[in-house]
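Several structures are given next for inspection.
Heads up, the next two complexes both have subunit A, just with different partners, subunit B and then subunit C.
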Partner chain A sequence: MFISLQLLHMSVFSQSFSPCGRFLAAGNNYGEIAVFSLSAALSPDASEASQKPILNFTAHDGPVFSLLSTDTHLLSAGNGEISAWSWAELIKKVRISCSVNDNSLIVGGGDNNIHIMDMETGIFKSVLKGHTDYIHCLCFKEREEEILSGGEDGAVRIWDARTNRPVHCIEVFKYEECARPQFGKWISCLATDSDWMLCGGGPSLSLWHLRSMSPTSVFPLPGCQREAVFYQDLIMSVGEGPHVSHCLHGGTVKAQIPCTPSSLNTLALNLKNSEHRVMTVGGSSHQIDVFTNFSYRAFSLSF
Partner chain B sequence: MCFLNVICVPDEVIRKRLLIDGDGAGDDRRINVLMKSFTKWCHSNFSPEEGFSQYQRMLTTLAQCEFSMGKTLLVYDMNLKEMENYEAIYADIERSITSAHEKIAECKKEIQRAKRIRKNRQEYDALARVIKQHPDRHETLKQLEALDKELQQLSHIKENVEDKLELRKKQFHVLLTTIQELQQTLENDEKMESDDTQESSMENGD
Partner chain C sequence: MRTQITSSATVMSSDAVKKRKPKVIRSEAGAPETKRGRAEGDQDVRVYNEEVELEVRDPQQDYMLYKDTCAALAKLMEEIQELKAGGAKVQSVEIEERRTQCSVHFITLKKLNRLAHMRLKKGRDQTHEAKQRVDVLHLQLQNLLYEVMHLQKEIGKCLEFRSQHEEIELVSEEEFFQEAPAEISRPHVTRDDQHQLTLARLDWELEQRKRLAEQYKMSLARKEKIQKAIEQKREYLSSLQPGLQNIMQASLPVQEYLAIPFEHMQKQAEVARHLPPPLYVLLVQAGAYGQACDKNLSVSISGDVDEAKALSRPPEDSQDDESDSDAEEEQQNTKRRRATLGVQLDDKRKEMLRRHPLSLCVDLKCKDGSVLHLFFYYLMNLNILTVKTKVSTTTDLSGAVSAGELLNSESLLNCLYASDHGKETPNPANRYQFDKVGITTFGDYVSDLGHPFVWVQKLGGLQFSSGGAQSGLTGSALSASHMERTMKLLRGRLQARLALHKQFSSLEHSIIPVSSECQHLFPAKVVSGLVRWTTMSCQEFTELGFVQHVLKAGLVHETDLFFMATVERGTARLRAAVVMNPRYPEVAPLFSLSLHWKGERSGRTDDNLQAMESEVNVFRSELQGPRPGLQLLTNQIQRLCVCLDVYLETESQVCDGSEGPKEFPREKMCLRTARGPSRLKPFKYNHPQGFFSHR
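Then we have the complex of A and B:
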């Protein structure tokens, strides 16, 4: 009885694929991280049991709001702490917490600042101040080495990663075509594809051209979008409403694919592994929908 | 003699024969009957007509056996040819499967290209829409030119007016100084005159 109540109130907040692309880690609001084996679930002789996690452990006290995979580790962030789990150990069903890498980790926090941490030593290298309210989403442009951050204050700020100085600030809610005052001004999702940027949340999901800093298309999606990605020639976004929206760059919504959770929080694409190329979405349900062909739901994994 | 036949043949053949001809009706029985009647015909004493008719009957049975054997041989040939035909069709289908696979791969590449092209077109359209919102460059240049000209004219006029102002100021200055000088001279004159009359009246009083 208690377990079914717990399942009923579960929400999946974050997902991340393993570096080899064969495993999916999902974090929920109870602080648990479940690791699913994609190769078992996608194989022709998959059964009920293969849609359950191979490993389920409690990572944090509070909800696991974000998960990120590096080449060797899974980083999970809860309320105020970041833990690193080694993927090699997770796959062997044992968990160890450590952090070793040669890149830097960019963390956006509830203290309105962005911290850049050196992964090898664990020391914070620098702080980017500028936001006036907490930060919801971060994004990195590799070509120009820029960091984009969006937060509750409705501003998308662009920082230069080498000098750690702010380059631009776009206040999305000030643009009439995007603003939706009834939802607020917070920005909850950011995605970037070289010169283009997607941002959404309170204001409508809109596509921006970064060179000219102008919104080129606004997508007529009813709810607030929580996550959006660029994929080939499409833009996929999830948010309020039990569907994944496929949109074109021109501003038209091409399709809305229904899913089991009534509102979606996270979308992840597994592009690292060509055999298990799937899209998974999770939201206010204990089930995570898996799409093998992005046009329809194939099956669901459940916590 | 028939029993000897049965014992020397191998199992497979017996099994096959039983399958095809299990109940004894048909070719095998015909051959056995022929053999029996041949031996009977050899050993028995028939009258010439009976013997002859029995001989005819045996010939017909033999002919029937030959006919059935010929038929079986033809069927065997036919089966061999059918097998060859099927092999050829099989190889053909294999080839078309591989070519279809290749075509599918080609088409997939085409789709990727087309998707890229579509994305580029959409981005182009989106930017074009934004650009269209801004006014035409020629228009703006013309407006700028007209404004420039107006500005030049107005500054010209301003210069002229300023020059005139300077000139008038100088003229007024000259006029005022002349008037002041005249006033001074007049006052001096008056003073000199009043001094003169005072002197003359003082001289007269003495």
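Then we have the complex of A and C:
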């Protein structure tokens, strides 16, 4: 009975697909990470059991707020610590945390700073200071090697990755068309696609043109958006409210697809594997919705 | 026989009669009647006896004469006729002559007639005489025959006569001759004479009988004497009985003093012999457990011992009774057919659900003086045990309205073990028995007969095959293995309920009783307060909008108790629907929240409210309080109030103030007001620093 109580009060905060694209890792508010086998869940003879995790372990004391997959490892971040798990081991249903052999990891923390860590050595290379409140979201522009960060203080800062210096600071809440004072000024989602940037949170989700640093379209979505991604010519975002919103660049909301959780925290697209091209969303429920066709919910994985 | 003479001279025949009469008188030599007969003249002289003449004449001749005369007469008449027709005068000589001849012929005829009559009479007289003679003889014959018959009858009767003496069984002849003294037997006479022999034998019989009667009288007298002696001795013995009783009574205080309730135990053992086996097992095991481990447990037997004895009587009596009652029932049936069809079924049902007259009463005493009384009954035909409960407390428990259901004897022992509802009989064989008498569910009778919980069956050593795992134990071993745990659970249940009762009465007064051991869980100042605490029915609960997720997850059962708590601060009102499992505090109450402040929010729509729910539902192990965890509910409610405080105070912080003064100034110390993508508030209280943080 306690398990079902736990399930009742579970929220999924983060997701990440494996490098091969056949597995999904999800982290919840109890500090557990569950690994699901997508190939089993998507196969024609999938049953209830295949919608359960193949591996479920406690990774952190606090909630697992973000998960990130590198080529070989799964990085999970909780309340103050980052752990790295080997995907190979996870797939074999064993969990060992070990060092990684990649380049740098950019970590945005609750201490209002962005830390860049060298993943080989595990030493923090540099710190980017500037935010006045904790950082919600980070994204990286590979072309210009710029880091964008958004935080609780309502500012989107753009940093140069090479020099580690702030380049721009956009205070979204100051723009009238975006601002929604009744919700607040915090920015909880960021996404970039070459010259474009999506940001949302307290202010409405808006699409910005980075060269001109001005909002081009504002999306009339009712709740606060927590995660948004660019996909082909669509923008998909999730947040408060039990639906995934499909929006067009022009600023119209094309569709709102209903989901099981009452509010969504995370959205992930599995683009690495063409066989298992799915979108998964998780939120304040123990169930993770899987969309095989992005227009409707196919089934749910359950913790 | 009378010759019919058809003549016109009828006058003459009457004359002839007159004339005849005196002649007859004369021939009978009677007194001659001389009154009539003037035409006769001198009768005394002329003795004219026509009878004599009768013997002389020949009837045949007379007959011929008659014929001739008639012919002559006819001829004369013809001549007269001719003459008259020829015109002769009436007074002519021929006619006169002829007329005279006719008259002569007539006289002849008359004589012949007389003779005929006289012949006839004579013949008749002769016949008559002969007949008379025959009659006389016949009569004599009859008389004789009659007498013969009579005599024969008498002879027959005499022959059949059985004298009483033949009914007396006499000793056989040889014995008689051997035993009887000589003066009675008189062999010289009796050997020859049968009659004398019989007489002698009868005499001997009489002698013997007299002697035996004497002996009999003497024996009777002796018997009387001995009887009297026995009576005296009996009286003496019965006079001893009260003396013994007095000694027993006097020894009771001694027994108590020495703490050997010998007599009480003996009495109980005596009654226990009549208990049905499951109750006996329960008695023995409970008694043993009470003696060994738990001084506050006591067992006693109550009920009607005589009825119990009656049940165990030999079956022939009961069979007779059954057949009698069956016969009676059938009689009744034939008389009033319609009325008894349902009554018969009812009676059969009652018979099936009959309880054994003896029952066990187990008392569990708690430290605060309240007692849980358990009454165990055995249903004979169904072979199951049932239990009824009663709680008696030292203090009066009428304070709390919402606590009405807590100590309700119907639901007090619900789900002592998980899913043991006690509504259905655990014995699968009963299903077939119920079908026969039309009982659909046992649940209808539970309030009368008690609850047939599975643990009750186990305590009585009754094991029914159910889906679960079977232990190999039966009887006493089964009972013993469950006794300790069940008693502990029972006691725990009682204490939990009593504690809840007290807590409810203070909750209804809007005071959340937090004991000193639990103060550290909460900050010193809690502004939100409980304003209402009410109980709800299952129906009302399921109709609430914000509890659907709990219902869908299957965490709500019919046997649960439902409550609504309302916490308020300022304009904000938080409603919490509580589902309490009967196994509280093993199973924590489940809270579902709905907040009414600037709109309606619930745990489904607001992530922070969901976080508050998980604070009280999931992290409840911190809120248990000191063992046995009876303060869980009140601690949970207190935590809700604390979380509401945090929620309201940090909420106004988050919004960038376009409104005026904040309704709820920030008083709680928080490290951070938001964390994570859902920007949850810090609900965790840290003691003793007194600040709030995220989990």
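Note that in this section the second predicted complex is superposed on the first by the 303 of 303 C-alpha atoms of A that agree within 3 Å, B and C clash if a C-alpha of one lies under 4 Å from a C-alpha of the other, contacts with A are read in each partner's own complex, and residues count from 1 in each chain.
Here is the rule we use: a residue touches a chain if its C-beta (ideal position, glycine included) is under 8 Å from a C-beta of that chain, and two chains touch if they have at least 3 such contacts.
Note that the structure is predicted; figures quoted are calculated from it, not measured.
Trainee: Under the superposition described at the top, does placing subunit B and subunit C together on subunit A give a clash or a fit?
Mentor: fit
Trainee: When both complexes are superposed, which of subunit B and subunit C contacts more residues belonging to subunit A?
Mentor: The partner that reaches more residues of subunit A in the superposed model: C.
Trainee: Once the structures are superposed on A, label A:Gln232 by its partner contacts, choosing first (subunit B), second (subunit C), both or neither.
Mentor: In the superposition, A:Gln232 touches subunit B alone.
Trainee: Would you check which partner chain A:His249 touches, where first means subunit B only, second means subunit C only, and both and neither mean what they say?
Mentor: first
Trainee: Quick check for you: in the superposed arrangement, does A:His209 touch first (subunit B), second (subunit C), both or neither?
Mentor: first
Trainee: Which partner does A:Lys185 contact after superposing on A: first (subunit B), second (subunit C), both, neither?
Mentor: Touch status of A:Lys185: second partner only.
Trainee: Could you read off the angle at the CA centre of subunit A, spanning the centres of subunit B and subunit C, to the nearest 10°?
Mentor: With subunit A as the vertex, the angle is 100 degrees.
Trainee: With both complexes superposed on chain A, which partner does A:Phe57 reach: first (subunit B), second (subunit C), both or neither?
Mentor: Neither partner.
Trainee: Taking the superposition on A as described, I'd like to know which of subunit B and subunit C A:Trp196 touches: first, second, both or neither.
Mentor: First partner only.
Trainee: Answer with first, second, both or neither: which of subunit B and subunit C does A:Ser217 touch in the superposed model?
Mentor: Touch partner of A:Ser217: subunit B, not subunit C.
Trainee: Nearest CA pair across subunit B and subunit C in the overlay: distance in Å?
Mentor: In this superposition, no C-alpha atom of subunit B lies closer than 28 Å to one of subunit C.
Trainee: Which residues of subunit A are in contact with subunit B in one complex and with subunit C in the other?
Mentor: Shared contact residues on subunit A (touching subunit B in one complex, subunit C in the other): none at all.
Trainee: Sort out for me which residues of subunit C touch subunit A in the complex.
Mentor: My answer: residues 549-550, 553-555, 587, 590, 604-605, 607, 610, 613-614, 617-618, 654-656, 658, 672, 674-679, 694-695.
Trainee: Looking at the complex, which residues from subunit A come into contact with subunit C?
Mentor: Going by the criterion above, the answer is residues 1, 4-9, 11, 13, 29, 62-63, 65, 79, 110, 134, 136, 152, 173, 181-186, 188, 226-227, 262-263, 265-266, 284.
Trainee: Which bits of subunit B are touching subunit A when the two form their complex?
Mentor: So the residues of subunit B in touch with subunit A come to 112, 115-116, 118-119, 122-123, 125-127, 129-130.
Trainee: Can you tell me which positions in subunit A touch subunit B when the two form their complex?
Mentor: 196, 207, 209, 212, 214-217, 232-233, 248-251
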